[in-house]
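The same subunit A turns up in both complexes below, where it pairs with subunit B and then with subunit C.
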Partner chain A sequence: MATFRFQRIPSASSGVAFAARAAAILLALAVAGLILAATGADPLDLGWQVISASFSSSFGLEDLALLVTPLILTGLSVAVAQQIGAWNIGAEGQFYAGAFGAAVVGLFVPGPPAFILPAMFAAGLLGGALWILIPTLARAYANVNELITTLLLNFVAILLVFYVSTSVWRDRTANSATPRMSAEIPEFWGSVHWGLPIAVLVAVAVGLCLAFSRWGYEVRLVGSNPSAAKYAGIPVRRHLIAVMLLSGAIAGLAGMLEVAGTVHRLQGGISNNYGYLGIMVAVLARSSAIGVIFSAALMAFILNSGIILQTQGLTTSAVLAITGLILFLTAIGDELAHYRITRDKA
Partner chain B sequence: MQLRGIAKYFPGVVANENVHLEVMPGEIHALLGENGAGKSTLMNILTGIYQPDAGEIIIDGYAKQFSTPVQAIAAGIGMVHQHFKLVQAFTVAENIHLGWSDTPRRASTHVLEARTQALAARFNLATRPGARVSDLSTGEQQRVEILRVLARDARVLILDEPTAVLTPAEARELFKALRVFAAAGNAVIFISHKLDEVLEISDRVSILRGGRKIATENTADCTPRLLARRMVGRDIVLADMRQRAPGARPVSATPVVSLENVSALGDGGHLALSGISLDIRAGEIVGIAGVAGNGQRELSQVLTGIRPASAGRILIEGREVAASDPAAFAESGIGHIPEDRLHSGLAPALSITVNAVMREYRRPPVSQGGIYRPTAATALAREIAAAAEVTIPDFGMPVRNLSGGNQQRLVARREIRIASKVLVAAYPSRGLDVGAINTMLRYIVELRDAGAGIVLISEELEELLNLSDRIAVLYEGKIMGILDNDRTDIDEIGLMMGGRMRISGAA
Partner chain C sequence: MDLLTGLFTTAFLAGGVLALAALGEVLAERVGVVNLGVEGLMAMGALTAIATVAAVPSPSIGFLAALAVGALFGMVFAFATVILRANQVLCGLALTLMGSGLASTIGRAYSGMPARAVFPGVEVPILSTLPVLGKAFFSQNILVYLIYIILPVGLSILMFRTRHGLNLRAVGENPAAADAAGIPVTLIRFAYVTAGSALAAGAGAYLTLTFVPSWSDGVVAGRGWIAVALVIFAGYRPIPAVLSGLLFGFITALGFVGQARGWPVAPAFLSMLPYLGTVAFIIVPVLAFQRMRRIMAAPAALGLPYYRDVR
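Here is the complex of A and B:
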């Protein structure tokens, strides 16, 4: 009798890992297609609609680019915190705080765009960093779990932005948003603004910094084993604080780019859940800063497909279910890449 | 109980091949072998954790197949692992009754504790049924583990490196209990790589090497030298290593590092070291003896700048150190082989390269002006691995994939490179086999001959006596006395480890 058995191997080869991911995504699409077919829709036709709407028109590509920009940054924010061993669940809140900071400058500081835009940029970074400051200090000095504190502050930021945009700073013509800001990030291709190259650049810079700087080496060591880092003479607490603040600032930058580049107003719900989606982007990228660019692109495509499918009459929940299915199977695929099947003869 | 032709293959590794083993009722059977010789795999097969790829297990004449540990326990085979599998937050009684079909369904604390008391009396293993496991000493925890196995009517008791965590007195207690258990017609399999205790406790000894059984001998016919040779496959010199090689640097007149009345707090805020004064000279080995947990960890951390001293002064080459800063200590030439390499000396999930350059990444060639250069780092890692005689297929592989012995060699070599003044070596041979221990001790002796001062913390008295010039004995955070190796013996050190002060002026 021959039996088959799973055997775990410690590190999966990159080829197997890639194949497992591809298989997971294909399987998810196949399952989704079967379910759609069962409800009477034509999955192949829907698939074609998604592909052609996303890639065959410049509008589709522009939409993708606008979705990718914030996702790269929120994903990077979570990934950077992961590098030092922290879970930043608060990218959502920091996104709002960055958007809020940028809006304060954009709405109330007079001046030419050449001055206002850099000021908004700085305010966005600062807003995000300030929003993670308390969780950071609590973790660094009192060992309070940042998972809870960053998460809870999300609600504060979301409601704060809701409040100011629907009451105190409300535009008289638009009911639930601030007036339009005059300073705008210039667009370089259709509606795509310079935020996209900035986001890619930031991700590449952070990635290079982690791999090729002394600081990056120390951060990786602290993230992997704090007591070994302490033994090697690395100031563990200082690095933790710096990296968490950086993580918040990056998420804040995402909020600033959204305000100054895409929406031009501050409004409730401006984040589109980019902060929470950033967690998935970071997990898919296995916390690699460069990998975030690609997983953000995949996530943007999934989101965009969802929007297109909705125009084809699918409900939002069906779209969410397909998204979840892809992520779920990808996670299983990642784990399975660590196994191989052996056959033993009895 | 018999094992016939057992084989187990892992990808790229033969863990066991064609192993025959017979264990008789009433005997204590030692299983001797180096790290990676296949002892643990063999026992995991016997206890149902792994399934053999070939061969069979025969118990009382019947072939058995264990697909889970539960079946092995039902067949009377129980194992006490090196790392205890107890629930720390539960009491002794609760741990004994956990996952046991004999546990009464509606059991009150009182009933469980009474049952535990009865079991303890029956097997002559004193325990405190109501105590929480986290409050017990390691020796007591081990007794609970053994009691738990025996309570399930084990007739074959397997012990994996049982004395590694015990004081000599606790080990003697254990041996006594094992003899009683075997005398009642049961069998004990005793895994170890300590030759002396194997000779002391066992009736027969089987030697494994490279996954195969080399021989089974009657212990009475064995000598340490014979066993060591069988185990390693070559002759090993276990000898006095205090002789200096010709051309070795002499012991310096002034100390390189001195502690003056140093006290330090432990992790829990209690006074872990009090009033320690110790001079370390270049070219000498200072041994630190003592039962683990008497301040050794704190002492090694204070000496390497990881833990601040709460009182007293630390001098490096006569200059007082202002603040404890591990980087500055390392920079001034103090290396440190920590007691728990995986926990504090390595980042297990990171690559071998990252781990190998942990001490030298701050300076060229690994980094220059804040830039970290992975190729230069790998070149340095290659150099360290070559010095450590470790062959590494891929330097990007996580360091936890290396065997314990190879990890320890890399750490030792990494630290020796920077230890121009002092090397603090905490339990450098713990968990290693005879071959690897010899390599480790050779490194230390070579470094001494090259003119560094060595602080050797160990619980192996023979190791300390073989290497050290002077031996300081730690007891409850205090130095009970500093003995000249030429004018002391194991008994005197043993007394001081137990808390007796040296009778000054006597002898």
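Here is the complex of A and C:
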């Protein structure tokens, strides 16, 4: 009689992991639909509303494109840190810090846009990198868990931006935002600005560097086996610092693009949870820099659905809950993807 | 009330939230499971408590309901991480997103609602007449005594003075050896993760039944993450965990006193204090006391799933 048993293999096959992700998303959406149905709504009708609002008009597609841009970058930020084995849960805070840096330049430095925009770009990168500096050094020199330090600084950044936009830099006409900045990233399609191609380019460039450069090889080696990397003479600490600062800078860039391209003001709650959703984007992409582009598109659709359904009583916090469910099921699926069924003849 | 008494009273009250959540996290981490879902569990607990006392005006029932909801979520988390052995960091983050998201979605119906019943203060005879501590500690609600005295002392004895405590620590240090010695690794992990999650939700209920006492979106405000950090700072021990909760209660109280007395610092900066303080407190001790590292070290198998059949 033949008996079946489960055998755990060291690495999951990417096909099964991909299928697990698809199953996790469908299952989470089904659960969300069931809950909606239980509250008396018609989930199929709502689903149809979402799809027609997202794809049947250019406005819907423009909205999606505007949501994809920051999600690509925050997802990339988390994914890059993952490549070297670090958890950057602080993309939310670095996003705010980048937005803050860009706003300092945009609000207070006079000059033509051709000068201001690059300066804002640099300030955004710098803001994000500075925000992750202390967690980075603490991890590199004292082995302090970066997951918690990066996360706690989110709250500080959110409070800082909330403070400046509601008091010292407040626009007298707007209630809780700074004045509109004159330097704007030009738009190329409806309300979609050049931030989108920039985000895609950054993701592709980082992906190519990680896959094909010597630096990228060393970073991936440190990520998969730090002690082997150290033994092979790779400067582990230097790579760790560089990658974490890069991760922060990318999230900061997302904040800069949001300020200079989409919102044009600094305000509390500017990030829409992009930093936290970035974790989801990176996990769905299995920390691949190129994959982030696609999973960001998917996440943008889910977030946009939540925004469309706000009129139906749904909130962005419901989206966060559904995201959590997808993440939970994905984590389980990833583990189950490590198993194969073997058959022994007895 | 004079400044000192006010400061101590708020410190004990505010610190209780962090202390209870940190105690729960100590339970989970001591058996080798990192539970990053504390923030979400606290949100669910806070909401459950408010919703329950809105229906049944009894704070004890509200608190127990929160414990039950926390245990339920904890079992789901433990099923994924202990039995299916899925990634603990991802499942924890997922739990935080689910808990926080769900609580604010359901909580919209309770927005701004004050708790219909709160835990009243209990004056301990004789001790409550002490100069500062009498008002600040010995006149507090019953949960404060539970959090600062009964739970930490009880858990400390359980963990460090009993055979069962030795077993549960062995599960966190070396599950393979514990398994070989006949200790039920999976059962112990499952039970303590569930109990820890219940305490985290209890911390949320404490927040809305004594400290804040009302529900508003984002009421937990990162306290769950501070609690996770405090466990590291406390070296994974119950009594230091409670004391560090109290320390952060002081930092929070300092911010309140500052606002009440109109110190020339913007409230936003005073609100940053607990977060910045936590970052400082988990970095500085590592740098300052190299020798403390061994005593304060994390359980050796922390975060690692245990596979009996894979070597």
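Here, the second predicted complex is superposed on the first by the 271 of 346 C-alpha atoms of A that agree within 3 Å, B and C clash if a C-alpha of one lies under 4 Å from a C-alpha of the other, contacts with A are read in each partner's own complex, and residues count from 1 in each chain.
Throughout what follows, a residue touches a chain if its C-beta (ideal position, glycine included) is under 8 Å from a C-beta of that chain, and two chains touch if they have at least 3 such contacts.
Here the structure is a predicted model, which is why all the values come from computation and not from measurement.
J.: On the A-aligned overlay, A:Ala331 touches which partner chain: subunit B = first, subunit C = second, or both, or neither?
T.: The answer is second: A:Ala331 touches subunit C but not subunit B.
J.: Which partner does A:Val16 contact after superposing on A: first (subunit B), second (subunit C), both, neither?
T.: Neither partner.
J.: Would you sort A:Leu61 into first (subunit B), second (subunit C), both or neither based on which partner it touches?
T.: neither
J.: Comparing subunit C with subunit B, which touches more residues belonging to subunit A?
T.: Of subunit B and subunit C, more residues of subunit A lie in contact with C.
J.: Go through the superposed model and pick first if A:Phe212 touches only subunit B, second if only subunit C, both, or neither.
T.: So A:Phe212 only meets subunit B here.
J.: Touching A:Ala232 in the superposition: subunit B (first), subunit C (second), both, neither?
T.: In the superposed model, A:Ala232 contacts subunit B only, not subunit C.
J.: Between subunit B (first) and subunit C (second), which, if any, makes contact with A:Val156: first, second, both or neither?
T.: second
J.: Tell me, which parts of subunit C touch subunit A in their complex?
T.: 36, 40, 80, 84-87, 89-91, 93-102, 104-105, 108, 217, 221-222, 225-226, 228-229, 232, 266, 268-269, 271-272, 275-276, 278-279, 282-283, 286-287, 307, 309-310
J.: Within the complex, which stretch of subunit B touches subunit A?
T.: Result: residues 11, 51, 53, 304-306, 325-330, 336, 338, 343-350, 354, 358-359, 361-362, 367, 370-374, 397-398, 400-401 of subunit B touch subunit A.
J.: Which subunit A residues qualify as touching subunit B in the complex?
T.: Listed in rising order, the residues of subunit A that touch subunit B are 7, 9-11, 211-217, 220-221, 224-225, 227-234, 340, 344.
J.: Would you tell me which residues of subunit A are touching subunit C in their complex?
T.: Contacts found on subunit A: 8, 87, 89, 134-135, 138, 142-145, 147-149, 151-156, 159-160, 162-163, 167, 276, 279, 283, 314-315, 317-325, 327-328, 330-332, 334-336.
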